[in-house]
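Both of the next two complexes hold chain A, though its partner changes from chain B to chain C.
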Partner chain A sequence: MISATLALASRALTVALRRPQYLMPMLVFPSLLLAVNSGGLSQAQNLPGFPPVPSFFDFQIPAAISQSLLLGGVGTGIAVALELELGFFERLVAAPIPRSSIVLGRLLAAAAIAAVQVTWFLGLGMIFGHGVADGFIGALAVYAIGCTAAVGFAGIGLTLAFRAGNASSVQGIFPLVFVVLFLSSAFFPVDLLTSPVNEIARWNPLSYIATGMRAPIIGYGGTKAFLEGLAAAAGVAIFFGVLATHALHRRLRMG
Partner chain B sequence: MPAIQAKGLERRFKGDIKAVDGIDLAIEPGEIYGFLGPNGAGKTTTVRMLVTLLMPTGGQALVAGHDVAKDPSAVRRNIGVALQEAALDPLMTGNELMLLQATLQGMSSKLAKERSVELIERVGLSEAADRRVGGYSGGMKRRLDLAMALVHGPSVLFLDEPTTGLDPSSRFQLWQEVSRLRTEGTTVFLTTQYLEEADQLADRVGIIADGKIVAEGTPDELKRESGASHLEINLAEGCDPSTAHQALAKIGAPEPAAEQRDVRVRLTDENAGVADAVRLLDDAGIMVEEIELVRPSLDDVFMEKTGRHLEGSGD
Partner chain C sequence: MKGAQVVPALARRALNEILRVPGAAIPGVLAPTVFMLGISAVFGNVTQLPGFNGLDDYLAFVLPVGLLQGAGFTGAATGVNLARDIEQGWFDRLLLAPVSRPLLLAGLISSASLRALIPTTTLVAVGLLFGVKFPGIVELLIAASLVMLLAACTACWGTIIALKFKTQQAAPLMQIGSFVAVLFTAAYAPKQMLQPWLKGVATVNPVNYVLTGVRQGFIGNVTWADTWPAYLAAFALLTVLASFAIRGLMRMGR
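Our next item is the complex of A and B:
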C-alpha cells in the first residue's frame, strides 16, 4: 500500500508541475489579491480592536495562503474529475492496490504542493521585507498548518469529483472559495466583522486555520492560536479524507 | 480449469435495464476469444465485470480461478487490462506510465525498469519512450496501452476494442502483437466490432446481441453453420441464364440474381469451386465475363443470428 500511495502521489505531483494552468492560478490570483488588499486596505490596521501587526501585508499573508490552498483543493478535484472523464482513473482501479491508496496518494501530493504554496507566499513576504516574526520555528508552524489544511481542502475536491464525476461540476464550486474565505477571519479579525458574518466566522474552521498561520507570522496569538489552527486543519483533513474515501467506494459500487 | 468461466452472468442497471442477460463463458488457457457485437450489445459491460470494475448483479464469473465478486484483488493480480480509448495521461511519458503500472502491480523497482525497457522495445516505442504521451499517435497509444497491460506478465489479458479508430497499418501492427501472445500462452479476451479482426485473431468467437450470446464457435464453424458458399457469375452478352443454371445443376442450386445477365448459384457440392463452374459452363457453350466465389462471412453469421448487420462489417 505504501509503495502504491507514494507512486500515485509522485505521479500526481509530476503531472501538476507539468500543468502550469493548474499551478499558476493558485499562486497568481492570491498574490494579486494580496497586493490589492495590502495596498488599498492598509488603514484597516488602525481600527480599534485590530491586533498589533508589523504591517497589514503581514496580516494578509495567511489570507493569501488560505485562498491558495482552497484553490489547490478545487484543482485537485478537477484533476481527478478529468481522470474519471478520460478513463485514466479506471486504470488505477483495475490495478491490485487498496482503493484508499488512490485517495491517500492524491492527498499526499496536495500536501507537497501546499509546501510550494506556503514557500511562495512566505518568500513574497521576505522579498518585500516581511519575515516571519517567530522565526524558523514559526515558519515550520505555518507549513504544518498549511500542509494539513491542504489535505482537507483536497479531500473536499476529491469528494466532489467522485460524487459528480465531471470536471465542470467541480469547477462550479470555484466561487464558493471566495464565499468561504469572506465568511472567515482570513481577511479581517473576527471581532471587526459584523453579525451574522462574525457568528459564521466563529464556526468556520478556515478562521482558525488562517489565524493559526497568522500567529507565528505577526508574532501575536501564541501557541494557543497555532494549536487551534492545527486542530482545525487536522479536523478538516480527517473529515474530508474519510468522506472522499467513502465517495470513492460509493462510486465504485455504483459502477 | 478454464481461464475465464462465467455462468449466468448478469448486469442490470437502473430502470431494470439488462445490459448483460445471463451469459455463459468457458475460455481455455492460451485461447484467444473474440467477443463480437455492435455498440450497446453488452461487450464492454461484460469486460468491466470480468476485470472487476463492475459488480455483477447476477450469476458468477471466475477469472484465473478467482471469483470476480468475492476475490477481486486476486483477479486484478492475474489479469492485464487495456480498456477502450487507451486512457493514458497525456502529460506523462511512455516510460513513466510503464513504471507506474509496474509499481501498481507490486513489482520491484529493478524488475519494473527491466520489464518496461523490454516491453517498450517489443511494441516499437523505444525512441518515443521519453516523450509525453500527448504527442503520440493513436496507434502508439494503443501499443503503449498493450505494453502496460502486459508489464506484470498476466495469465489473462482483456483487450476492449483495441483497434477501434486506428488506421489499417496500426491495426495490423497490433494484430501482430496479439498473435504473438498466442505463442506465449496468454489467454486473450478480445472485444471487437470488426469482423476481420475476430476472423484473423480469434480461436473462438462469441457473438453477443442485446446482452445475450447468440452464437459461439470457431470462425470456420460459425461460417459453415451460416450456410454454403455461392458463385456470382456475370454472363457474356447473349448467353442464356437458364442454360447456365442447367449446366451448373451438378454443383449447385440456382438463386435469384440481381441482374438478368447474372447467375447466382448456391454450392451444394462443398468441394466444387470456380474452376469446376467455368469448365461446366464452357462445355455448355456459355461465355463468362466475370465469376466470383463468395464464402459466408461472420457478418452473414451475425445477420442470421440477429437479423441485422454488424456496424464494423464494412471495415
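Our next item is the complex of A and C:
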C-alpha cells in the first residue's frame, strides 16, 4: 500500500508540475490579495485591540497561505474530477492496488505542494516583511500546520469530486473558498471582526489554523496558538480524509 | 445588414446565453457579492481610523468595488465566450460576413455593458438589504453608466486576450487583468491612507478615478470634481483598449 500511495502521489505531483497553469493561480491570486490588503489597510494595526505585529504585511501572510491552501484543495478536486471524466479513474480502479491508496496518494501530493506554497509565502515575508519572528523552529511550525491543513482541504476537494463526478461542479465551489475565509479570523483579529462574523469565526477551524501559523510569524500567541492550530489542521485532515475515502467507496459501489 | 442592425443582433446573441444558460451568469454575480460582504464584515471596524473622516458604513465604501469587480467578471466572460466561438469555428464564419470588424467589437462590448447591469442590480439590492443608504437616482445612474463603461473596457481586454491566444484556457489571464486593475486602487481605504507604493499605483491607475466616480454617491454627494475625471478615465481606457482589440480583429485570419 505504501509503494502504491507513493507512486500515485508522485504521479499527481508530476502532472501538477507539467501544467503550471493549474499551480500559478494558487500562488498568484493570494499574492495579489496579500499586496492589496497590506498596502490598503496597513493602518489597521493602529486599531485598539490589534495585537502587536512587526507589520500588517506579516499579519496577512497566514491569510494568504490559508487562501492558497484552500485553492489547492479546489485544484485537487478538479484534477480528480477530470480523471473521472476522462476515464483514467476507471483504469486506476482496475489496477491491483488498495483503493485507499488512491485517496492517500492525492493527499500526500497535496501536502508536498503545500510545502511549495508555504515556502513561497514565507519567502515573500522575508523579502517584503520581517521574516519569521520565531526563526527556523517557527518556520517548521508553519510548515507543520500548513501541510497538515492542505491534506484536509484536499480531502474536501476529493470528497466533492467523488460525489459530483465532474470538474465544473467542483469549480463551482470556488466562491465558497472566500466564504470560509471571510468567516474566519484569517484576515483580521477575531475581536475586531464585525458581528456576527466574530462569533462564527470562533467556531471555524480555519481561524485556529491561520492563528496557529501566524503565531510564529509575528512572534505573538505562543505555543498555545500553535498547538490549537495544529490540532485544528489535524482534525480537518482526519475528518475530510475519512469522508473522501467514504465518498470513493460510495462511488465504486454505485458504479 | 447595416451597422445599426449588426450591433444589436450580436449583442442579442450574447445576451441570449443568459436566458439559455442562466447558471453561466451566477459566478459573475456570486463572486463579487461574496467578496463585498466578506470584506465589509472582516474589515468593517477600520472605519474607526481617523482617515475615514467619520464614515461609519464600510459596506457603502466597498460596494462600488464590488460593482467594478462585477464589470470585470462580465468582461472576462465576454472574452471567454469569444475564445469559445473561435475554438468552435463560429467566429470564422462571422469574419466572412460582409460586416466591418469594428462593428463586431461594438456588438461584443455592448453586450458586456448591458450584461454588467445584472451584477450591478444584484449588488446594489444586497447592499440596500444590508443597510446601505439609498444613494439617489442620479447617483445610481452615474454609477451604473461608469460600471457599463468599465465593462466595455474589460470586454475589450478579454477580446484582446481571446484573439491573441484563441483558447478558453487563457481565461485566468482575462480575469487577472481586471482583478489587478480594480483592486490596485483605493479599494479598501481612502487614498491618503494607502501605503506609498499603492498610493502611487492608484494615482496612475485610471480605474481608481472610475472607482471614485462610482463611490461618490454612496458615501456622500456627487460632485463635478469627482465625476468628470471618472468619465474621462473610462473613455480614455476604452479608446486605448478598443484600438488594440480592433487591431487584433483586423489581423485575424489575414
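The rule we apply is simple: the second predicted complex is superposed on the first by the 254 of 255 C-alpha atoms of A that agree within 3 Å, B and C clash if a C-alpha of one lies under 4 Å from a C-alpha of the other, contacts with A are read in each partner's own complex, and residues count from 1 in each chain.
Everything below uses one rule, namely that contacts are C-beta pairs under 8 Å (C-beta built on N, C-alpha and C of every residue); 3 or more make two chains touch, one makes a residue touch a chain.
This structure is a prediction, so every number in the text was calculated from the model and none was measured.
Judged by the touch definition given at the top, the superposed model places A:129 against neither chain B nor chain C. By the touch criterion defined above, A:94 reaches chain B but does not reach chain C. In the superposition on chain A, contact is made by A:181 with chain C only, not with chain B.
Number of chain A residues touched is higher for C, counting chain B against chain C. Once chain A of one complex is fitted onto chain A of the other, the partner contacts of A:47 are limited to chain C, with no touch recorded for chain B. Looking at the shared chain after the overlay, A:38 reaches chain C, while chain B stays out of its contact range. When the shared chain is aligned, no partner comes close enough to touch A:20: not chain B, not chain C. By the touch criterion stated above, chain B contacts chain A in their complex at residues 48, 51-55, 73, 76-77, 79, 81, 83-85, 87-89, 91-92, 96, 100-101, 103-106, 132, 148. Residues of chain A touching chain B in their complex: 3-4, 7-8, 11, 14-15, 18-19, 83, 86-97, 253, 255. Residues 27, 30-31, 34-35, 37-46, 48-49, 51, 169, 172, 176, 179-180, 183-184, 186-189, 193-195, 197-198 of chain C touch chain A in their complex. By the touch rule above, chain A contacts chain C in their complex via residues 21, 24-25, 28-29, 32-33, 35-44, 46-48, 172, 174-175, 178-179, 181-183, 187-188, 192-194, 197.
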